[in-house]
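Got a structure for you, written out below as structure tokens; questions coming shortly.
Should a chain be cited, it is by its letter among A, B, C and D, assigned in written order, with residues numbered from 1 in that chain.
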């Protein structure tokens, strides 16, 4: 019932606060006999870690992972993989000013409301730091999906009002904002730097494409493939919306426009985004998520403190002025976890 | 693992195909000692049933519910409520033409891909008929939420390209499209009738507002309140996207614009849509979903049959030319189920 | 969280009280494309139903099952099977005397304590009638297990102090107490009739043997094969204990006696009862359960009523003076459900 | 679906092999605001650790626990507690002789059958070392139960054929076998030492008594209190059976003997062991488990190796010649976890 686990057949349980001793993840249900090692997972961790460029925070989060169980002589054993990351940069003093005031856009007030107690060092469990465990688990899922011929890519499609006009897949990991259009990427970097200079932040839209999923994946009714992806994406702190295929634009379309007709080769269009009735149809799975602007800004804002008094707050420290670049690997990780879980569930059904 | 159950503390399990003998739901975890009766639930069933107006299908689905366990002398006993609806309008012959061809926009191809077998009478388990069980369960959840002071309303905000310009709550149930703007409603009805006349359909946007949820509801990390609502909404067949509060427009906002600042009375804006860090903040919870145009249209469409041959298909029968009016009570039902479940989970945490 | 569901990959959810309108079960996760029909399931229902002989209650419970979803043209579709049994013999007046008093051995007091409300007609949800749904689900699991080459048999090994001395498998279903020793069976029948004549009841021991389970079934740590079987058996109302293989006698053995040594053909003994470390080892799985004497007896007993006053109670009506014969098919059903679930889980792990 | 988690409202997930880097546990669903510290948990760890006396193994397992998340300034925060123990005594070479042969009584063959791969250093995940994480989680549950007035005690009732004749509770933790009869304890120690000297081992019976559980705890049908306790106990490697109250002796009793009658003070006897219909009745909860003799013995035994050849095996190393003393705290831990989970579930039901 508490919310720190996801998945049924491929089950991920995370723990850890931003300023505790460690964060990490137990992954249960990993196929035995699969070769995996720490460098493979570390590649994904490094895509998420701070300090990758001028547009991400220079904080040194230590993202060096350690597989502490579930792998023997380079292969998975089928028992739980436990992956841990120590928090080495614990400086609670930097957060003493937020001990009593609720930062706008942050979960300070809601966590205190929920628990009646709050770890006021950073964002505690609501910190983006928690996603490190997810990215580690996602890398394990990605490894399992490779055997199935499934691959995926996520990228910034819009940042700070600047939209990508082209799709150049090989450029994505080569620009600091992970945009799919190199020309737009340059403008996005400039826009983010301008905003950072004045202590503000911006949001954006990230798109994800998943290839190689055969028709038939996803459970009907409640655990539809799109329902599970929606849950997984909205479980990422900064995400405020999701749409599949034509998405919200479907609201303005006619049935005769939106229906994907078929010919002998298969579907002629992909307005469905690869999912019909909650089940994959063999086409590329396409979804987009709305990323809100970073809550931590250094512009003065009005807020309330724990005594109910109004006060002005300035969020000190250096934070990502735009979350998009670093949320890309988290989105990919969650998509991998969802897919591996549903594919294992499909295997159970047919056994 | 199979997908017919939702919820952990308030657990809903549905069964039934559109053309089987019955559909229904087992609801486990209902608070004992609460007064409930069939007429209370029937009110919600009647909002979902077909044939309510000129813009909904005239098929006679029998939506008369029967509580067959879990209530004794007018009160819940704490044991599973079982609610069933017989399917009385089984005319498989009407569907014989779709036995071998995949209807565009429908789950025919994906179901056959998933199961290797398909109940070709109507949409089987993927039919909107399945949501009858959800609406019944939602009515039970709604009853439990009333004790908590929680209420909610959903309504069409846009249909066929026509947008509501005003919000007149008391008008919603008085117009056949359940729009929040009576003037827009008239135009929507006209638009739907025009499309129906030429055998086409249209989509729309439905918005939901939930009031009275205290701060602190929702589990952190994976089972966030918005994540669970997103899953629940995307589990409804026709929904292709969801956004909370400012939603996708947050992508174009600055942090200084999007952050909801606080004064001594509480939040000054509600861009977050009532949920921060996955937990309710005491404000109105607001989300919108994208409803795709009805897949069943009588315009000829190209498709493939089970032998892989191309063919032209016309979906016979009368179907809703726009799903929005009838999906409104389903959206409310799922929202009620999600909220009651998470509130019970909150009680367990603090016990 | 509420307790009416069992299983993860093969998921069973029951509903219904002894004196409500119906009892039944939703079975989700059934392998699609498997031939099944009502007569196959009815065979198991008839083994559980009352009135089979002089040693079982003559009450007419209506155990005619109806598959209402999940089967199409004689084959499972992979969607939930819903199986229902109407309660036709509802005579609440027969139970009016127990409305206010707690019957010794029954769950009257504990149910009222748990829920604060009680359906006082019969035993409500705690009635043996609830197991009808389990037997129906068990028959479906049995069908799926047949494809895997798994079979099983349960039988009375001891009743009213009379122990079976021989094991004649083909005699089990031919004697009214389902004992494995025809000579003992005769004495058991006589013993039960004597006790019934004086308004008393007796208990016994039921043993179950499962054949054809390959090595490797069962999840380590919490969901061990023996742990799941223990849970499933103790979830049957009358069961007060379970032991595997040598069981409690292992407490008095030496390691050198208890360890099952191996030769080139496999295990040389089966003290483990076919399960080591929670996982099947390919030998026959053997367990025994302790069945308590029927709580409903017509001898006067002292009890308390809902007002806290002492009173004498006589449980009217005809009840089984020994549960063993009718609990045999319930034990088999639960064992089938556990096995099918764990085998599907094994398939998910290796996918 | 994989088996490393237990509990729904109070959820425990363990990881770790005997010879990996660490073992440990994530506990999710801990009530926030409760004072807890490492020394409180360490007390229970020390009761389980090896080397406590002449009758337990002198191996130095490092059982020093570290709470790495979920506690802030001495109080639980409601977020997952992560507790880890490093494995410092990894000497894989000591196990090289068992790399290819299956030790009788051990899970070597069944693990290889299940996974197709095996960590042959010690017993891997099937090692008693895994229970360290459970004992840590059990200590947290024990702390939460203290607030509810619940306490419990487990003890050896029979070891190596020697039975306790008296019940002297305060003597239990004062003798090395944790027996409830000091005189019997002396004989048990002598018996164990004799067996150890000849390289053999013995089993026993452990009893557990739980006090202070109010009537009404336990879910009906599948998740009965006794069903959950049975699952939890059988999930401990060495346990081969469980019985509640009169248990297997109920098989030989009459209904008039076994039924617990009531007077105005409550129940007059406790044959039920404190649980009726799967729900606590307010009496002491009493159960006994059968503990098999330790599988690791130094007497030569016949076995098979991975190539299917017969061979003689001698399990080197020092192992507990009787598991009972060290399994006592594991049994208590699992009972605490089961109770805390079911009590939280009861709170959710009534919310």
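Everything that follows uses one rule, which is that a residue touches a chain if its C-beta (ideal position, glycine included) is under 8 Å from a C-beta of that chain, and two chains touch if they have at least 3 such contacts.
Which chain is which protein? Per UniProt: A, B, C, D = Chorismate synthase.
If you're wondering where the values come from, they're calculated on a predicted model, not measured in any experiment.
Hopping across touching chains, the smallest step count from chain B (Chorismate synthase) to chain C (Chorismate synthase) is 1. Note on interfaces C-D and A-D: more C-beta pairs are in contact across C-D. Remark: chain B (Chorismate synthase) and chain D (Chorismate synthase) have CA centroids separated by 46 Å (rounded to whole angstrom). If each chain is reduced to the centroid of its CA atoms, chain C (Chorismate synthase) and chain D (Chorismate synthase) end up 26 Å from each other. Rounded to whole angstrom units, the spacing between the C-alpha centres of chain A (Chorismate synthase) and chain D (Chorismate synthase) is 39.
Chain contacts: chain D (Chorismate synthase) has residues 1-5, 8-9, 14, 29, 32, 78-79, 114-116, 125, 220, 344-346, 348-350 touching two or more partner chains.
The touching residues of chain B (Chorismate synthase), counted against chain C (Chorismate synthase) in their complex, run 1-5, 8-9, 11, 13-17, 20-24, 26, 28-29, 32-33, 66, 68-70, 72, 75-82, 84, 114-119, 124-125, 344, 348. Across the interface of their complex, chain D (Chorismate synthase) is touched by residues 1-6, 8-9, 14, 102, 104-107, 109-111, 113-116, 123, 125-126, 130, 158, 160-161, 195, 200-205, 214-224, 226-235, 237, 240-264, 266, 268, 272-273, 275-282, 290-297, 299, 301-304, 308-310, 345-346, 348-350 of chain C (Chorismate synthase). By the touch rule above, chain D (Chorismate synthase) contacts chain B (Chorismate synthase) in their complex via residues 1, 8-9, 29, 31-32, 78-79, 220, 343-351.
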